[in-house]
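Structures incoming, each one as structure tokens.
The same chain A turns up in both complexes below, where it pairs with chain B and then with chain C.
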Partner chain A sequence: MVDIEKLREIAREIISRDDVRQLIGYRQGTYGFRARPAFVTDPGEVDKLIFSPACVNNLATYITLEERLPVPRGQEPDLRKVAVMVKGCDSRALVQQMEEKAYERERILVLGIPCTGVVDMDKVEKRFPGVLARGEIVLEGDKFLLTYDGKEEEVAKGELLADKCTRCRYPTPLVYDQLLDEEVARFADDDYADVEALEKRSAEEKWAYWEEKFSRCIRCYSCRNVCPMCYCEDCVLDRLNPQWMRRSVDVSENTAYHIARAYHLAGRCIQCGECQRVCPVDIPLMELNRKFYKDVEELYDYEPGTNAEAPPLLSTFKVDDREDFIM
Partner chain B sequence: MNGKPKIGVYVCHCGTNIAGVVDVEEVVKFASTLPDVVIARNYSYMCSDPGQALITDDIEKLGLNRVVVASCSPRMHEPTFRKTLLSVDLNPYFLEMANIREQCSWVHEDPIAATEKAKRIVEAAVVKARRLEALDVKEVDVEPSCLVIGAGIAGIQAALDIADAGFKVYLVEKNPSVGGHMIQLDKTFPTLDCSACILTPKMVDVANHPNIELMTYSQVEEIGGYIGNFDIKVRKKSRFVDMDKCTGCGDCAEACRMAGRFPNEFDEGIGMRGAIYLPFPQAVPAKYTIDKENCLFLTKGKCGESPKCQEACQAKAINFELEDEIVEFKVGTIIVATGYDVFDARKKPEYAYGVYDNVLTALEFERLVNASGPTGGQIIMLERGKKKKKKEGEEAEPPRVPESITFIQCVGSRDKSVGNEYCSRVCCMYTAKLAHLVKDKLHDCEVTVFYMDVRAFGKGFEEFYDRVRREGVRYIRGNPSEIFKRGDKLVVKAEDTLTSTPLEHETDMVVLSVGLVPRSDNREIIDLLKLSQSSDLFYLEAHPKLRPVDTASDGIFLAGVCQGPKDIPDAVAQAKGAASAAMIPMASGKVKVEAQTSVVNEETCRGCGFCVQVCPYSAIELVEVNRMGWPVKVARVNEALCKGCGACAAACLSGSIQQRSFKDLQLLPQIQALGVK
Partner chain C sequence: MAEKTDFEPNIVAFLCNWCSYAGADLAGTSRIHYPPNVRVIRVMCSGRVNPLFVMNALQQGADGVLISGCHPGDCHYMQGNYYARRRFNLMRNFLEYLGVEPERVRMSWVSASEGAKWKEVIEEVVNGVKAVGPMDMFKRRQLNW
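After this line comes the complex of A and B, so read on.
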């Protein structure tokens, strides 16, 4: 586990540096044991910082999400570094962003968190209804320890672990300047059993399945906004001329949106699972993303977000590339 | 110039090609109802002079400013009609082709449905025509020089023609000498000219020509730029011999401690050489080369007390300090003449090549019968890989002469099992030639040829084939299934398919008539020049009939076997064709560049560089710009390099790249008109 005092000490040191503008980390949320992002610019604020199995958010998103206001005439843009706390999975977003030249490596300072897994809040809520609001959760060995209403509950780690953690190949960040704990060895792997189950269905079954899922979509665009890989300043989906899909919320336009979203992530999605986590209507977006992820791995032997030096997959071509799947 | 659209639609019958299926009158009637269409007509052949005159008359009389031609593929006649527009001063990019032949009449049988489809295609073209923009046609200057890659007969001929016309030529050859495969051959079919005798004068010419800069033992490392302005980087590999000092006397090769230890590539491994060598006596340039993989001094750092070659060289030409040299220059055009490899007979294990000493490839046999070859032209039985240690006073055994020689044709050609479906075009005739040479030298030698069928299609070929048969060469139709050894003899197992008789044919020597295959290092040139390959993996010409020496890239031409198997006269003819094609832009001094290029919206570009990666022409780079005070990287297109392929526009996730004439706003209404509402 990350030593919170050590974390704060390191954070204080970093934020006191002249070349660092802000630090993005986690702090206690206002609702039970949920955590939320913290944007620290002052050494006085570092005591807010925490890390716990409740720190599910992928903070890499905020690096590209930050609005760049016009620089007033006569002033220089603030190009100081941004420090960011990342878990293993989140770090791959940084790697992929750099692979796509979203920013230079020097622009960020990475505090790596070797991660043993985070909880799935939905699983907690299901198992202990209402407890989220008034409890605390810690990981001890292979058990989560829940404290609430003066009671203590022990739950096997696997029962509350987020799905992505059960198949995590990179628990230790792939990019960091400082590691906040001992490296964590790979404790899981991905067998794509869920994707294979989906692949086995007939085209009609798949269509019916997704039609039902997409019919629920309210087009809040949370999935797009939280995605660390969706960071075009001007998203094609927002354009009016040409308008690629209408604003109306109906299954046809929703489907077009989700197809475009998934295609734009093919060969780029790093499986942090944030899109599915934030979806208010529980669309299993990771099933789509994971299908692409599996295809990309099997067809091109490529894992997004693992090598910042490699050219982005969909910008490369080799003569011996597989093409037997092209109709 | 864009103005309110006034569109003319011209529907072509193409004889009965279109009108036989599509009701062209009906299409015209429909087209005239479409918005902004001022006139719609049909005509038997729009591409004919009167057809084009219909268009120019209407442009002048009716003030048309957009033209839709509904006919064949734009690959066929778009350039034709662009010129039509230009002839009456209308911007040629105000033309839109509606392909109702290849994509409609040729592929449909039902006239009613085909007519409906033709209407959709025409409507789609009309809505796109309404949104077309005038484009500028730019010209760039052409450097009056040419790079020729490969100095076999094709490269040599192309270089000489261009140099004789007064243009500068850089001729780059990978091997230490020019000459290619042709200089390895003994005689040429069917005239039996001595191959070396007709080639060596040309080899000397390329070395001495004032307009040719010859770079042997050199490799092209980088090619940038575009037609008219290619930037070339060549690596001149170090020979460790000072080219200016070496007199070619050969003292060094005699002195070399490793003399006769390594198979000489030029002799296909039948003859041997030392670590310092001249591949063959007529080599051009006649300068020695040290093989750094095998030289004792260069590999072990020590060669006795001191390197023997250095001691022997009176000109003091040997210098182990010499390094590779990088040469950079500009050329206007490029001719690729990289030649071929012969088929690797080991891929047909049933023929036991590499197992038995006296199973040879035809190219090895060429060296064996060649007067300048390792045996001085004597056809003898080979003992490969045996180190003959002569004891003091012992007489060397006289070499054994084969009493029978058997040729097997189509080894690695017309053979799906090795992935080569094509005919190599030269093997039938070189086999006949080699069979003749055997009969010429060894009158009593029994010569047999196993063949599938004999393709004697060229000038004088059939006559030569007849002559060889009259000389007593026995042709047996049948593809042998196995070669094995019985006692001293090789046994060829086959079936005579004319008499349906299985047979076992005993022979002393087997010559495999190996086919021509693309060079194993083809990839290097493809990566440098972004060439395409046809299904047989030879380089692909721009059009199999009408542009046989061009490539899809402007200013880059093909000559010789690198484009596909051919014999010497065909290779020479293609080389002359490539030379004259390359001279067109060089002589005119200017060349038009693509107008339908890509444009980047720098406001929305996020600088990910996907486009930079996908661009096959290296036409895009990332540049830093100031976006409201912030330094950001954005993509920028070099319009002289852009060929308008559209790959970047497809790869751009933020939709920030648009290709002129194919912008989203031009294509989307077109798609809608096709029925996707």
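After this line comes the complex of A and C, so read on.
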């Protein structure tokens, strides 16, 4: 577990530096043990920072989300660094963003958190209704310790762990300037069981499955907005000419939206699971992303977000790529 | 199903200017008969074809989509068809995962001299799409206010 005092001490040191503009971390949420992002610009604010299994957000999103307005003539742009706290999965988003040249490595300062897993709030809510708003949760060894209403309860780690953590290949950040704890060895692997189960179904069954899911979509675009890889300034969804998909909410347009969203993450999605977490109607978006993730690994031996020096998958090719599907 | 036998599919074909379009043209000038279901859209290179074109064609009423380009190594722009190959392998697999039959999304290499191959390709695509029937999964619904 990360020592909170040590985290705050390091954060204070970093935010006091002249070349750091702000630090993005986690702080206590309004209710219960939920955590929310914190944007620290002043050394006096670092005491708010925490890290707990409730820190689910991928903070890499905020680096590219920040609007960079044109600088008035005669003024220098603010080139100070942004410091960011990342878990293993989040660090891969940074790697992938840098692979795509979204920004230079010098522009960020990475505080790596070796992570042993975060909770899935939906699973907690399902098992202990209402506890989210008034309880406390800590990870001790291989158990989650829940405290609420004066009661204590122990739950096996696997039962409340987020799905992405049960398949996590990189618990220790792949890029960091300072590591806040001892490195964590890989404790899980991905076997794509969920994707393969769906692949085996017939075409009718697959479409019946997805039609039901897509018809629920209300097109709130939360999945796009939360995604650390969706940072195009001119998004295909906002285009009016050509208008790739209409804004109306029906199965046809929703399907088009989900195809476009998933395809734009082909070879880029780093499996942080944020899209699925924020979806208000519980569409299993990760099953779409994981299909690409699996294909990319099997066909092109490429894993997004692991090597900032490699060229992005779809902007390169090999002469002997598979072509058994071509007539 | 009975209606499948007289079902005439609409196939949208994206042909590259330098090989496949010339190949299809050769098939025409050589008076080779091939099924009339194909609607050709000429693009400068198969690498020009955005994978979203496929989605959009299927949404707007195409029953099948064909992308055709130069053979590997013959691309007029040296490498456009290699990029296209990667993109479409992923798109095809993904659409299959959603339940779109793989017969509907096809890719081929047809050179400028292969008028006869063009005929074979079109016959195979049309027969494949006829076998799986009309595409109505996520066809755009017309709103009647």
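The working rule: the second predicted complex is superposed on the first by the 322 of 327 C-alpha atoms of A that agree within 3 Å, B and C clash if a C-alpha of one lies under 4 Å from a C-alpha of the other, contacts with A are read in each partner's own complex, and residues count from 1 in each chain.
Throughout what follows, a residue touches a chain if its C-beta (ideal position, glycine included) is under 8 Å from a C-beta of that chain, and two chains touch if they have at least 3 such contacts.
Since this is a predicted model, take the numbers as computed values, not measurements.
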| item | value |
| --- | --- |
| Partner chain(s) touched by A:317 [first = chain B, second = chain C, both, neither] | both |
| Contacts of A:100 with chain B and chain C, given as first, second, both or neither | first |
| Chain B versus chain C as contact partner of A:239, first or second or both or neither | first |
| Which superposed partner A:141 touches (first chain B, second chain C, both, neither) | neither |
| Greater chain A contact set [chain C / chain B] | C |
| Contact residues common to both interfaces of chain A (with chain B and with chain C) | 236, 314-315, 317, 319 |
| Parts of chain A lying in touch with chain C, wherever the complex brings them together | 195, 198-199, 203-211, 236, 244-246, 248, 250-253, 255-256, 259-260, 262-263, 266-267, 288, 291-292, 295-296, 299-300, 313-315, 317-319, 321-323, 325-327 |
| Footprint of chain B on chain A - complex, ascending | 68-72, 75, 77, 79, 100-102, 231-236, 239, 241-242, 264, 311-312, 314-317, 319 |
| In the complex with chain A, residue positions of chain B that touch it | 523, 526, 603-604, 606-614, 622, 627-631, 633, 651, 653-656, 664-665, 668 |
| In the complex, chain C residues that touch chain A | 51-52, 55-56, 59, 72-73, 79, 82-83, 85-102, 106-109, 121, 124-125, 137-141, 143 |
